[in-house]
Amino acid sequence: MPEEENISSAKETGRIEAFSDGVFAIAITLLILDIHVPEFKENTTLLSVLSGEWASLLALLIGFMTILICWINHHFLFSFIHKSNSVLVLINGFKLLIVTLTPFPTALLAKHLQNAWGPSAVSLFCLDFSLMGIGFMGIWLYAKSQGFIRNISPGLSRSITRFYIFAGTFSTVIWLVSYLSIIACLGLSSIMFMFFIRPEKVTNALAKRGK
Amino acid sequence: MPEEENISSAKETGRIEAFSDGVFAIAITLLILDIHVPEFKENTTLLSVLSGEWASLLALLIGFMTILICWINHHFLFSFIHKSNSVLVLINGFKLLIVTLTPFPTALLAKHLQNAWGPSAVSLFCLDFSLMGIGFMGIWLYAKSQGFIRNISPGLSRSITRFYIFAGTFSTVIWLVSYLSIIACLGLSSIMFMFFIRPEKVTNALAKRGK
Amino acid sequence: MPEEENISSAKETGRIEAFSDGVFAIAITLLILDIHVPEFKENTTLLSVLSGEWASLLALLIGFMTILICWINHHFLFSFIHKSNSVLVLINGFKLLIVTLTPFPTALLAKHLQNAWGPSAVSLFCLDFSLMGIGFMGIWLYAKSQGFIRNISPGLSRSITRFYIFAGTFSTVIWLVSYLSIIACLGLSSIMFMFFIRPEKVTNALAKRGK
Amino acid sequence: MPEEENISSAKETGRIEAFSDGVFAIAITLLILDIHVPEFKENTTLLSVLSGEWASLLALLIGFMTILICWINHHFLFSFIHKSNSVLVLINGFKLLIVTLTPFPTALLAKHLQNAWGPSAVSLFCLDFSLMGIGFMGIWLYAKSQGFIRNISPGLSRSITRFYIFAGTFSTVIWLVSYLSIIACLGLSSIMFMFFIRPEKVTNALAKRGK
């Protein structure tokens, strides 16, 4: 009965993407709920009160960029995946779990960046980020091993594989570094953001160089 | 005027799935709102405070898996349903009501798992789970009785019917067992999760064995 | 340059429906946020505490049914509308405003049904419901006047027109009745629910009888 | 390997729109969470208590109209854009960041319109509005410079360019005016709303006049 499996699979990637997009869109929009509206105080200005909450706003920006980059890469990977099965749905489910958790480490960052829990909050955020990288690596490697990738050149396929193995390992390194030095961790994270903000450029460049 | 009914029906399953996916995506993402960001305390570490909230995190995971598995099975069933009418919309609406309620028993679990209300909270969660199983059974049996299923082999159709009658009855049994023994209830739930996490495998296997 | 207008219109109803579905799905899922998780109290059971919150649960059910029926009718109307313009987007925007407001009168109902503000809360909910009915009437009458309806029999078109003029006027009557008698208002609302839960049945029946 | 870039691009605008629609839908629905359900007080009516919260309701309406108009224009622009790349995704991401932020200045407006922070709250809201206008200008100018616009008449293309340069500059002017006069700022905002609520009418009129 293989065709029955297939008909149900054909519809599958479309709904996986739609459901994932919904989760991404909600998680990214919920971040604002952590920014509290300040109470009115005499003899101060609204701007001075808000600027005292710079840590919340910085955390919001970091959380937003994290989920946006995550969406970009999810979108990039699923543009090549044209089949699915229940294992891929579960790996993607793990990925979505990490995305739905993201508002929590972001809120920890916002609340504790300026006190003694700051470094732990940064490390927890990095752990979240690392699990995302591992999730992407898992999605791609599994989909490739099952032949769920549509026809692309072997060079591009190889460069995507390298790129997401890098995603999983480098983000884990960043997490470990966060226990040693917050500055080094932020520097490495910025480098990583710059690579993963435009996955199709980097993987195409890698593929061309590899020829 | 039967063709008018049909034109409007053709568009219907697409929008039912889109609306349902939205509800699933929001319900699964709202779960994180129940994890409260702890206040800073001197002389403790963030990790020790967070590990004291293990019940919240466990409840989040259970809630997440419940809604994810629910989405997987919803998706699986609607991959076979190609027509709809107002009764099916209502049965699906009942299903969605249970999904939107899920963050509530999850929050009860998170808050009361460690106190004397724990067993009642577990039973309420099981009731939610049982109503989901009954909802799935209702969707499939009604859609089948109305001829809304697209052309699949009688063997597969029969095995899907058996699978979702099992969903409705076994989840109700788990709910009843929860009043007798929490341990037995958790064991049975785990077995059920393993079956319903990959409905297409199980139903295909049943269909093949039935031949 | 009329074709440019048209190309952009062709894409329009699809995105109007997607955006509206998102708003419906979120509004219906946010209702659960108003059900507060009770604090643990010694010497009581969870069930007895929850059953004391029956008004919240009833309000949740009413709010859920209201938004679900609203989605069903939105879906029904847009299955006939194949063009759009900025005025229709605005009328639909008014409709969506009322949908996004719905969690507020629902929360008022939940909190004040059992105190002296109960009747006012019921009337406010009815006002929300009435504005929805007027919104539907506006969407259909405007779309029809502009020729945005795809080819349906004149009989069906007429019966839909009658049905939604009834929606706008009868829901307004229910709102006014709510100031006189809560019981009469609930009775009329139930009748209205039964009609609008299956708009395609009622309008087809009206169309057939009209022949 | 240019075709690989293209295949992934083809799918891209569809998912950008779906993700953006999700963000718009959630942001517009979250606005209601800022309207607090009042506590019961003896010897007052619900209506009198609610009418004392007119500032919250006004802010909700302004926030709703802002996000709705933003959605209309996003939708209008993307009806012409048929390709994408990572830079456009980032510009659109900036746009979405402003949209997700909108509930915050709306809540500031609701809470402080009636106290001494009122003018600052209005200015912050105008800054949000201005960044939206600049975001739209950026999306269009970048997409046009990259040839991502599908075949439209040069006249229409020119008039859209003018319209969104106007959006970016005029909204910035309104923000600056807000520091001088709240009344003038509201007047100019109303004029701007009237133009941007129906972008296709205005740009078509401009295109016709330009001939």
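Details
Note that the chains take the letters A, B, C and D in the order they are written out, and that residue 1 is the start of every chain.
One rule holds for everything that comes next: contacts are C-beta pairs under 8 Å (C-beta built on N, C-alpha and C of every residue); 3 or more make two chains touch, one makes a residue touch a chain.
Bear in mind the structure is a predicted one, so any value in this text is a computation, not a measurement.
Taking CA atoms, the transformation carrying subunit A onto subunit B includes a rotation by 90°, reported to the nearest 5. Interface residue usage between subunit A and subunit D, two copies of one sequence, is largely distinct: under half of the residue numbers at the contact are used by both copies.
If you average the Cα atoms of subunit B and of subunit C, the two centres end up 26 Å apart.
Taking each chain's centre as the average of its CA atoms, subunit A and subunit C sit 37 Å apart. Looking at subunit B, one finds that residues 18, 22, 25-26, 30, 33 touch two or more other chains.
Residues 17-18, 21-22, 24-26, 28-33, 35, 37, 40, 42, 45-47, 61, 64, 68, 71-72, 75-76, 79-80, 152-153, 155-156, 197-201, 204, 207-208 of subunit C are the ones touching subunit B in the complex. Subunit B contributes residues 1, 4-5, 7-8, 11-12, 15, 18-19, 22-23, 25-27, 30, 33-34, 85-87, 89-90, 93, 96-97, 100-101, 103-104, 107-108, 111-112, 115-117, 120-121, 124 to its touches with subunit C in the complex.
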